[in-house]
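Each structure below appears as structure tokens.
Next, two complexes with chain A in common: one pairs it with chain B, the other with chain C.
Presenting the complex of A and B:
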């Protein structure tokens, strides 16, 4: 289930039309080809935003292999991922092509164990989170 | 339009009250905690009110997923997000959760 049909009024004119269609295709390809994808600011090795860094820490803690996509490297991608997901902020986590959420949602799901469950259902092995 | 006369915190509070009729609402300005971090190329500078935490309990969230709750909040704050609100931490609950 992909939320890509909600192009928003906030998009500037430069992002409309074929350039946006192209970037959406690229995003779709990335989430098709990788079970777990994190669109983030910076890289998994060097996050450039605390919220992105928190999600990286959670995924690393769970031992989940994931593809990090640095939206700061590409202005079109940075805007395109927001309209693709109908979600205004970064980071954004996708599992098996499905939008999971941003930092708060990932953290809540990690703490409740739901993230591990969802990864397991998606066939992605994850360690159980340490409780307490 | 009286847009600039109010603070961002006041505008956020008013927009959420109007859209979601919360039974509990707390809007916290975290901007000072991010005043000196990386300024993204092409992004808003970190001057003034840019980072907020919203703690909200609303009957509008009954039966809604986390993503649906966040989308409802983002929808209510679309103008703020387009004009300088850079980061929003969200704690969204339905009554009784």
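Presenting the complex of A and C:
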């Protein structure tokens, strides 16, 4: 299931509907074409926000290949991803087209082992994290 | 721009009247909070859906006036 609630999204009034639709199409394409996508501030090599950096660290720790999308590079994308997911903050993690959550949820799921399980179910190879 | 913790609690409770809300001002700057919200409404919902309910209670302040709110949501035991 994809949280793709265009109707309830926080549409920025400054944006025309067509521009928002096209940015939503672009987002849909990226999450269709990549098993694991992290919409983040900065790049995986150089995160520009502590919350984005934490999720990068978790994915790296699990050895998960992922596509990082820098929302700071594109103002329309930065607003578009919020309405696409009906989620007000960055980072946002998608696995197999499904919105998993932001930093808090990803960290919680990592600590409980659920993130590894979900990645495994999605067919994404992840190294088993050390638990303790 | 900052937001009082009492205002955060009021907004959450106005949308989720049964909620027990605990808020910590993490940095003492009125800008970085951690909130634990316990409500029956969360039962059977995914974490994403639970957090979306809280964000929607905050009426668009999250990501705006409210810069950082670390959320923990759960149904009552």
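Heads up, the rule we're going with is that the second predicted complex is superposed on the first by the 125 of 132 C-alpha atoms of A that agree within 3 Å, B and C clash if a C-alpha of one lies under 4 Å from a C-alpha of the other, contacts with A are read in each partner's own complex, and residues count from 1 in each chain.
The definition used in the following text is that a contact is a pair of C-beta atoms (placed from the backbone, for glycine too) under 8 Å apart; a residue touches a chain by one contact, two chains touch by 3 or more.
Note that the structure is predicted; figures quoted are calculated from it, not measured.
Of the two partner chains placed by superposition, only chain B is touched by A:41; chain C is not.
In the superposition on chain A, contact of A:33 is made with neither chain B nor chain C. Shared-chain residue A:105: touches chain B and chain C both.
Counting residues of chain A touched by each partner, chain B versus chain C, the larger count belongs to B. Touch criterion met: A:86 reaches chain B and chain C at once. On chain A, the patch touched by chain B and the patch touched by chain C overlap at residues 10, 51, 86-89, 99-102, 104-105, 108-109. Those residues of chain B lying in contact with chain A across their complex are 34, 37-38, 40-42, 66-67, 70-71, 74, 78, 81-82, 87-91. The residues of chain A lying in touch with chain B in their complex are 8-10, 41, 48-51, 72, 75, 78, 86-89, 99-105, 108-109. Residues 3, 10, 51, 82, 86-89, 99-102, 104-105, 108-109 of chain A are the ones that touch chain C when the two sit in their complex.
Note for the complex: chain C touches chain A at residues 47-48, 51-52, 55, 60, 62-64, 68, 70-72.
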